[in-house]
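When the chains are written out, they are named A, B, C and D in that same order, and each has its own residue count from 1.
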């Protein structure tokens, strides 16, 4: 880290900072210029936030040099990490499309959706059993009943299951049914939940919080990795900006930034980012062209009757058309869409 | 709500929307103009999000007319709600200053801080026992040991205690010690936690999420109110913007907006919003001038040795100077700073 | 438009609003519900902002229904608009890549860049002669000397020229040399400049302001169209968000949103949006997959010696590799890269 | 500045960076750690952006240490700068309230507004003669006719005049009538205009762009200062965020940040920031409590008939009530409201 002293910092102030850094085990490089004194400190970056250096007299600001995450970084492991879900490999040569309804609503709805996305080439079924809803008056999910329907759909189609865990107290029951445990955007910094889910021993799909920087997102992944669970899949799903025509602004650049900084696989959820089905197809194509390892797409047999997020759901027909385009773009990227056996 | 049809919507499309609205119990006002058909629908606003109207053919957009929250609104209760914490009344004529360290670090640190803020005129002691930290390598709090120290400080000073609940599994233990249960900004939309905390039967301090709109914040309050707990105190603590000189951008206008839309009391936390102690004092003054019912301010006996957020903590001396200015501004507002007996 | 009255608005208030609307020539639909009175008003949408309805007693809010732009909308012309630049057609079947250095620095630099992008398949040369720089101490461009070099490069390579106009007083000289007049992001709402540039009778490339909504961007285009100049090319170049790893956040979804709302062609500038060359290639691919009609890409023979924006410039080698990928993705989209004869 | 090399940068890369810096006249401090090489470079900060260091092989990032502005900084002049407008002094002990309508609409409207704000204690009259409007179909101002009315109002009331310059070609005529030349938020980075206005030799009111960081705002001020015009008044007027209940988010913290970084006076425009008159009064109070040197407030004799921004305009009655509160808060701050003789 670099500590920049005020232009009128006194010798005493500088000495106290040096002392604090040395006693915390940092190696010091002192640079006294005409206008400023600058202190370089090399040591355990992860201890930085416990030193309140900016509260010390004479300190103007502290500039971290190294990334604050370790296990998630390319410096730790050059990667790529390939996450295994049964026989499926996420983060390798193939691109996985995870698709299905926002919420599990009924047996008929789920099985129709599952069959449709299976036929079109998806490998993993998405569907929420516990739903985080902005309003307490909205449909909140079928809970365990929904999980059972997901398991039934898996049996019928061979699709793996990804579904969200919202609460440590229902983790056990979700983990009993799911193949991939999803942490939703609103829980990205629910650190207790991150640790618990990490310990369940299943792959974790970690959505980016809608106001999280890429660095905070990788630090959230670090919470999971630090528990010994290396099977983390990152999912970009839009960030909150001033633009209100779309629900969020899909930050596709984050895909290649994450791949530059980290070895973890990264997929994209255009449906939640945008909120309008019409723009899901172009952005799904763009995500693959940008290098994403997969997609999370909402598909509903009858979007206009959906209990949740109908306006952003593709019909099975639209989804099938999308998959064909995706195959073409994957080929240009020298990759292929993954297939179930 | 208003449903705006596409300029090329067909009669069939319109009929299907009318049918859907009528079968959901809405009263209809149809307006067929030259360029557009517009459908006004009056009924239970809280059911709106379960109707996927925007997914129906021919619908261009749906514009909600009424606020989506009910119990939190001025239309439901003109207010103001006054929240009682023992003998203290928050949201009434007096202004409460809640102060103390970011985290409980040790007995000595906490008792010094408590005594100092008590002497300067605070009525409530803040201090975190469970700390949500962006990095897994940062100090995470003293946990129950910290809660016991808070109780000891209360005994010595008479200050009431506000501290954060981060997980439903530690709610019981936190509720045993705290007078006010705090929901942190990162958990504002942790709906399971909101419901559980509501049921604990203690006043709840609900921080605004750093990317939450005012409407979402009031909907989060609605989760608590809908459980029958009417003692909700809102706390503005900055929103995330592009400006990076300060940690967040304190949205002081939100204070008067909340007071216009809702009957709930609202306080301001300038310390977390800004992240630099130097600007806490002016913004604390501004908050009182803007009409806030109280403040949440970080005070540490030795900020430069703090394990958490030292750079934003006031020294006891600075805090005392602030309190004098606040008394003056409160007087202009025809209010007073609250006092412990 | 819809005027929503307060729940306690009086009959007098409602009458005054009705009268104001009627005297402004609006046709009225009155809907008196139990909780609210709602007034629908149909008429000349473009006059709306001159009626200060929200300042009238009893009015809660005014919700516009129709888009505030006219000539830029699909309702006015279903499109697509194809902009002709000499023999080139932008917005048609082919995709145009505009490339070159951020600033014209010297004859050697510009001609090398022009030759390199011509060889790789670009059709249009970019290069700034007048540079808007955040700091007054930065290089501000070669001015007319730079324009002459651009003209020389056109002669040698056959590339058309796009360059920025920053000031009405230099419009004449820029228009003498350029084939396309660029309005930079910082000037998107410089309405005087928009009108003047429109009148110069050349195609206009209108960059989105970094904090402009899509609606404001289309309203800026409307200023140009309203002067009778129909040759407007829109250019998405990133919006300002809290994410600071990249300079701005490229809002690729805006490409398909603009194509849904408007008939105008839209291209993408990944270089300025991102600010780091490493991520330009994936986002250029993604832009074409998202349906963009073209790209604006910075290429410099020696990025490390650039006087402006070197870190975001591709080398000629990287640019050539990019063009090959783009051709593949264009083919999947059933389009082709445009070619000079 | 600090140059951080990649963890796998080679000796050659480092040497080339050292050479570049030395040949640009920087003094070097080399620090070779286990994980990284870090290069400190001390020299003319204003030349930094012309060195494309981040484009050089092996460079990970460049961290500027010193502020990129010079004349605007406290390091250059400890201040405060007091700007004289006739006998008025802005930035000194007193607080100036500038008030009046958004746009000059008619003689009657302007003179009524001027008389009302004069009576309530304002010292400066605001009013737009040239109006930047988002839509080309909105009222665009009375132009020179409006300027003449402003001059007439000055004669009748003794108020000084502040009005906006939007275009270099109308600068002469505006400067003929105005006492303070206003640069609007949309033109904050219209660098040609900044330079021209600076040369007119009158005080300049520089509004913060709605998406400008504090640093960019001070750099815009630097453009004016660098032309030799030291009479710059900064004006915070809200930044664009995701919150849509208010038009922008008033960043009051910026007031004290600017006063910490710069010697220039800073005032606040709550009317444009918020867009709703109801919240203007509390935020005007808050601005004074935060330390602002003045306010810019919209007052219209009949807001509901305003041609521009009626919903955010105070009535003369509301303005008078506000002024009384402001006097009280100014007293707590040990300041007074300025008075005309």
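Definition applied: a residue touches a chain if its C-beta (ideal position, glycine included) is under 8 Å from a C-beta of that chain, and two chains touch if they have at least 3 such contacts.
What you are looking at is a predicted structure, and each value in this text was computed from that prediction instead of being measured.
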(request) Considering only mean CA positions as chain centres, point out the chain farthest from chain D. (result) A
(request) Determine which of the two chain pairs, B-D or A-D, is joined by the larger number of C-beta pairs in contact. (result) B-D
(message) Averaging over Cα atoms per chain, report the distance between chain B and chain D in Å.
(response) 31
(request) Go ahead and note the Å separation of the Cα centroids belonging to chain A and chain D. (result) 39
(message) For chain D, give me the residues that contact two or more of the other chains.
(response) 211, 240-242, 244
(message) List the residues on chain C that touch chain B in their complex, please.
(response) 2, 4, 7, 27, 29, 31, 33-36, 38, 40, 42, 63, 65-66, 75, 240-242, 244
(message) So in the complex, the part of chain C that touches chain D is made up of which residues?
(response) 46-47, 49-50, 52-57, 68-69, 132-139, 166-169, 186-187, 189-193, 209-211, 216, 219, 222-223, 226, 240, 276-277, 303-311, 313
(message) For the complex, give me every residue of chain D touching chain B.
(response) 211, 213-215, 239, 241-246, 249-257, 260, 273-274, 278-279, 282-283, 285-291, 325, 328-329, 331-332
